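In the two complexes below, chain A is the common chain; its partner is chain B in one and chain C in the other.
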Partner chain A sequence: MPPKVDKEKCDGCKAEKESLCEQICPGDLMTLSEDKKGYCRMPRDCWDCMSCIKACPKGALETRIPYQLGYHVARLIPMMGTNTITWTCIDINGKKETFRFINRGSADE
Partner chain B sequence: MEKIKVPSKVGIFISDPGGRLGSAIALDSVLQRLAKMKNVGRCEVIADIWSDGFLHSVMEDVKAGNLNRILWVGRFSPNQQKRLKSELASAELNPYLHEWCDIEEQGIGQEGTDRDIQTQKATMLIQMSLSRARFLEALEPIAMPAVESVLIVGAGVAGLHAATSLSKLNKKVYLIEKESGIGGKVAQLHRLYPRVCDPRCGLEFEVKKLRESDKVEVHTLSQIKSLEGSPRNFEVKIEKQPRYVNEERCNACGECNKACPIQIPINEAFSPTASGKGAVGILSKKAIHPSEPMNFPAAYVIERTYCPPECRECVKACPTKAVELEQTPSEIVVRAGAIIATTGWDAYPLSKVEEYGYGLYPNVISNLDAERILENPPELKEIGFIQCAGSRDERHLSYCSSVCCSASLKQASYLKEKLPDARIYIFYQDIRTPGFDEELYQKVKALDNVIFIRGLPSTVKPDGDTGRLKVRAEDTLSGKEVSLNLDLLVLAGGMAPSAGTNELAPLLNLPRNNFGFFESHLQCHPEESQRAGIYIGGSARGPMNVSQSIDSSHRAVVESLQFVDGTFLVEPTYPVPDKTKCDKCKRCMEDCPFSAFYFDDQGFPTPDLAKCRQCGNCMGTCPLATISLRNFTIKQMAAQVQSIKASFLGKEEPVVLAFLCGNDAYYAARAAADSGLTIPPNVFFIKVPCAGSINNAVIADALSIGIDGVLVAGCKDGQCHYVKGNQLVKTRSGDISDKLKKMMIEPERVRFESLEIRDSEKYVNLINSYIQDLRAMGPNPFKE
Partner chain C sequence: MEQKIPKSLEEIPVEVIETDLLIVGGGNAGCFVAVEAKTLDPNLKVTIMEKANISRSGATAAGMDAINTYLRKDKGETPESLVKWSRAQVGGGPIREDLALSNANILNETVDMLEDWGLPFAYDEEGHKKLRGRFDVSIHGEQLKPIMAEKAMAMGAKVYNRVAATNLLMDGDKCVGAMGLGVRDGKLYVFRAKATVVSTGGACGIWKSPVTDYSSAHHQTWMSPFNVGTGYAVGIRAGAEMTSLEQRWVATRTKDFCGPVDTLSVAFGCLITNAKGEKVMQVRYAAEGGDKAPRFYRLTAPMTEWLEGRGPVYVDTTVLTQEESKELRMELLNERPSFVLFLASKGQDITKEPVEIFGSDPYIVGGHTGSGYWVDIKRMTTVPGLFAAGETAGGNPNKFVGGCGAEGRLAARGALEYLKKITMPALDSAQVGKEKERVFAPLVRGPEFDGVTDIEMEERLQRLMDEYAGGIHSFYRLNEERLVVALKNIKVLRDQVKYLYAKNLHNLMNVHEVIDRLDVAEMAVHHLMYRKETRWPGWQTRMDYPEKDPKLDCFVESTRDPKTGEVKMFTRPYEQLIPGDRTKQ
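This part shows the complex of A and B:
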């Protein structure tokens, strides 16, 4: 399932030729519509890698979890720190779990 | 970022003169904790920093390589900081390798807080600074050469004064004017208030200096075409329209003028009416005429649009063979370190103020037209003045044009001198004569037959075929209707941004305010445009009178000097993108309040050091957190945040991290601690150059390690020193709040507030109420 775009928040990455979601998508699926908002042009090809969601500076993108994993209400949300990702998983009953990971390659010493 | 080759060895010195700190916190346990930290070389409490033995031993350690960065804990005045830096510079410690940690401004040492908690908080505060100190780099200020010349756009009274004072300071000046002569609006006036003298006198005085100076290059009939380069080294392309007279050959003898068969109307904005048939007679000139408004340069100019194509009368008449009808537009390029825009003002088009009939009736004239007839006024019996014609009117100019009251009073008093029997009526809303202009007002009020009517006319109509005007108004003071027959009606029109301003703004990329004048920080830096190296002088930044214009242009001159004075040192704490991570998304370029970025040869955004004000808004906006101010990096900020143990007060008690703008909120917080207000132990703050320099990743870091609330305190709207940093961070912190909502966490855990410099009490109350709110919310789910 492709990511959901909050059109209020998406600013089409302002001046850019390619928006950040477009740049990062490994399948080259994200692009800008005529009104300069991001959208997924081949929804069936998206494999939910969530790269675009992590890259979006406005927090305008959200994963729609495939029904095999969880119905509506279920959510998976990353929050990007400087060298960490904090994941929030919400299941169909609204039960929440969080995980915090330190990114590889960012430790200095 | 470069890899740190030599491992950091930080010396931590806690200054505790008089043992005040030692009585509030357990310094021993602080030292014990710190000594175990990574990269700590030496860690001591010092009673007297200035004792010989101590500084000497530090220098020895630095020389021996045992210490390479120093963290000073305690309060050091700027002078003491300077002295320590210079003392240690003699041991070859780079001055950028010092870090200062004032724990008292964070509330340490206050009575009434548990000693153990204070000790823990103090330890964490020092650890925060330590994590910054570890990543400090040795830096050197960057010397940038400057072109020692200034370009001045507009040779009105402001531009002229700027040019002459710069030439006195021995700076090269290029003075650009689009008319054929210099002098601008002021040269077209007949008398100046308050001394009611001829403006030409003052202007000639300046022109004389111009003539004598070999530093000023005047280019008339010229306009800027494009701007390149950066402050201290601008490259400006200027287009010169042909004069058709060789400036060097012409000696202004006037033979051509006698020979010229073509009469043309005088500058249309100045003719009494559009049709040219006014009550005060038509004024005209020849197609070849001296430079206008002032005949400097002293050469004639031809308005070729009026010439019949075959006419060569002037060519025949000229004894010096100066007429060159084949001239074409030319282009020159000048290099300047700074630019001063003195593009002035234009009269608001009075034909838009329809109810007064300007342009319809010949004897309705503007106050600028009136200047022309002051010298030889025709026999007039009854004259009316309408103030605020267009000003202070939402349909036209919503602001007060600030000079029209005094100008009309000046004209009235002068007319009464010439026409003692005339009656003068002044219709006004309020008479505004600030400062010493009040004297003029009192003088005019005392004259016979000058009648002030409070209320603007509702109708102006011709009075049958008599050629006079019928004016109706309500005198709001007496409540009676007034109906008058007038010979002449003068409209005190307002000051609007000039055509030159409109043309220049997009060329120089200068922001303008709501009224169309150039934008500046009116109180603190009135002459600074929001582009480095470009200054605004005179009425190009708002309505002002002649003396204010001159003041303002001189201020612009003083400010511009820093950009034209030989070599300039740039602080090395400018932003640098990490090219291994930057994906060239250009958000930093978009959000930079000063448009300081350009693309380097590999296509990476790079700040132009001459334009950059080092506010850090690029660092705040970067979605990948890859651009950082040197020695104030995102990595350092993140390390600082991660030094906080969110559960040090127990899991239930909230901990707040505040990011305070270094221009005002920080001072409010520091003053709060100094004035003895109780700072709750729950709050830690980090001072930032501008609230806009806070990256969302750092806020996310703080939340993910369990800090209960993040407060971002910046300036009020419209008060940000860096134009829009506060607004940028406000939208960004809003974005992160929305994300928190999705994560089923209270969005109020990230909060944006505006604080002014004296808001100490507000700061403490804000923190206290925030802590209350956070207690009600319960602990951050990420807290361990």
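This part shows the complex of A and C:
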């Protein structure tokens, strides 16, 4: 399922030659629309790898599970630190959990 | 963004790049090829042709939660014990024990390199890398791919991102580089290289996926859907010998979302359980090893339960405490984060409700099963100058991250030795011109062309393979007459490639992805037809030949004549180097 784009937050990575989501997408799927906002050119082809979500400097992208497979609306939001990643997960009943761990260097904090 | 669509082939720029070593595919194996080559000879020109962006490309784009092969020597594990285990995992083989051993000999130092580069490993109380299975060690691998990519670049490899390989550059029967489509700039790239290592991913999307409704769920596959078998296709088109394409990799995965199951069943002890509450592996597969049975039995078990009226089938996560459930999901966030989102989208507390499992779509992936190029011990294919490592190199299953890295290093050593003796021929402009026409013709035909789109042909192929060549919707079952139908239609599809058209450069890449898939599909069907026996139920279930045939205890091989298109099938003998019962781990 392609990432949902928050058009308020997305600024199309103005300072970059190419937006970060477009730079990183393993499937060459993310690009900018005419209004210079990120979008997925072929929703069926997204693998949900979340590379673009992690790369987005504005937190404007969010992966959603296709409705055919899972119910509305669960959210999973990564925050990239220097050597850590923190995930916030909210399920369809509103239950919120956070997960934080090292992603570079020694695993023992 | 808007791109200018060329009206004629003359408008298409060609960029020629001279290098010593070309790496096709900057994934797990490819990055290790680059690092090893630059370590051995810092002055060597090393170039990586990468279809996506090397920082997040290929199968490990989302991360990894374990290194599945590492030798805990304090536990008595040796290269030989790993090869025995690998052999048993594919039902006693045949496997290339020479290749597997050479990988295993440098496995630990290869995995340790990842740690040096900054990949976090978990440790147990005694200060050893923390095991979660016999050979699996735990990592925090969310950054695995960026870490490998950064190292390859820091060592001085030159990376060309967004160039999708289309064909090898040949000098007679010798490989002298490769060509590719510049997906962003619309150029034809010609890399002239003394030696070439093909280290792309394997092939996903040959068969239809279980959730392939026309929807945003089309690519809910386990293997990266952007790995389309190009690494095999370029070799098939050049007449390279392929091995074991019939040993497909099909895995038990979480149902509706192709999430990892081994993390749950192996690492957390959540056993496969049917709708009647029976522990399936213990009740019906005790002789094959129970819960430790080879992976193809762990695939065939839930599917058979389903067929015989005992589905749905689960991994019993209700044995977990809340704390373990959180730890488990943390591991999953390292490898397949959207699976955690999937569980949340069902509002599922896995300690109360078990996780349902099902089969995946089949893949051709030589890092997992034995499919790929036939290579010699230096990882050179039957095409001189062309080496293979990782998913592309055949005969040597269960490589995974560590083994693909090790094999990348061995291929680099082989390639460096080879390229010392090579003087480059002049550029063959006729060959380049022909490739330019083949690659760009669908774009020049333009969006108004009365033809066939890549999606139409891809879905036609995927349904054909699913129904006639043992996909998930036919429960992986095969018989001769259906395979004949598959082959007949693949022939028509290959002939209809001339009707494909592309709207833009991204779409042109998709067109070549379907062309590559057709070449891999054709050869895979030939392999499935040749093996008139059932050696690996689930991976290769022949309804018309349900038993093992001792005469086929050998490798099945193929070549396709680049001039005539004629496919030749033959066998190569299995050589047992490590003594003992081949089915025992």
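Note that the second predicted complex is superposed on the first by the 99 of 109 C-alpha atoms of A that agree within 3 Å, B and C clash if a C-alpha of one lies under 4 Å from a C-alpha of the other, contacts with A are read in each partner's own complex, and residues count from 1 in each chain.
Here, contacts are C-beta pairs under 8 Å (C-beta built on N, C-alpha and C of every residue); 3 or more make two chains touch, one makes a residue touch a chain.
Every value quoted in this text rests on a predicted model; they were computed, and no experiment measured them.
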item: Side-by-side fit of chain B and chain C on chain A, or clash; value: fit
item: First (chain B), second (chain C), both or neither touched by A:98; value: first
item: Which of chain B and chain C A:59 touches, first, second, both or neither; value: first
item: Which superposed partner A:44 touches (first chain B, second chain C, both, neither); value: second
item: Which of chain B and chain C A:86 touches, first, second, both or neither; value: first
item: Which partner, chain B or chain C, touches more chain A residues; value: C
item: Partner chain in contact with A:23 - chain B first, chain C second, else both or neither; value: both
item: Partner chain in contact with A:32 - chain B first, chain C second, else both or neither; value: second
item: Computed vertex angle (chain A) for partners chain B and chain C, CA, steps of 10°; value: 130
item: Touched partner set for A:9, first chain B, second chain C, both or neither; value: first
item: Per-pair minimum CA distance [chain C against chain B, superposed on A] in Å; value: 6
item: Intersection of chain A interface sets (partners chain B, chain C); value: 23, 55, 75, 90, 108
item: Complex contacts: residues of chain C adjacent to chain A; value: 1, 52-53, 55-58, 61-62, 118-123, 139-140, 142-143, 147, 162, 183, 211, 213-221, 224-226, 256-257, 326, 329-330, 333-334, 337-338, 340-348, 506, 509
item: In the complex, chain A residues that touch chain B; value: 9, 13-16, 20, 23, 55-59, 62, 75, 77, 79-84, 86, 88, 90, 94, 96, 98, 100, 108-109
item: Chain A-touching residues of chain B, taken from the complex the two chains share; value: 4, 38, 583, 585-587, 589-590, 621, 623, 625, 634-635, 637-638, 695-698, 700-701, 703-704, 735-736, 738-739, 742-745, 781-782
item: Touching residues (chain side chain A, partner chain C) in the complex; value: 1-2, 23-29, 31-32, 41-51, 55, 63-66, 68-76, 78, 85, 87, 89-93, 95, 97, 99, 101-108
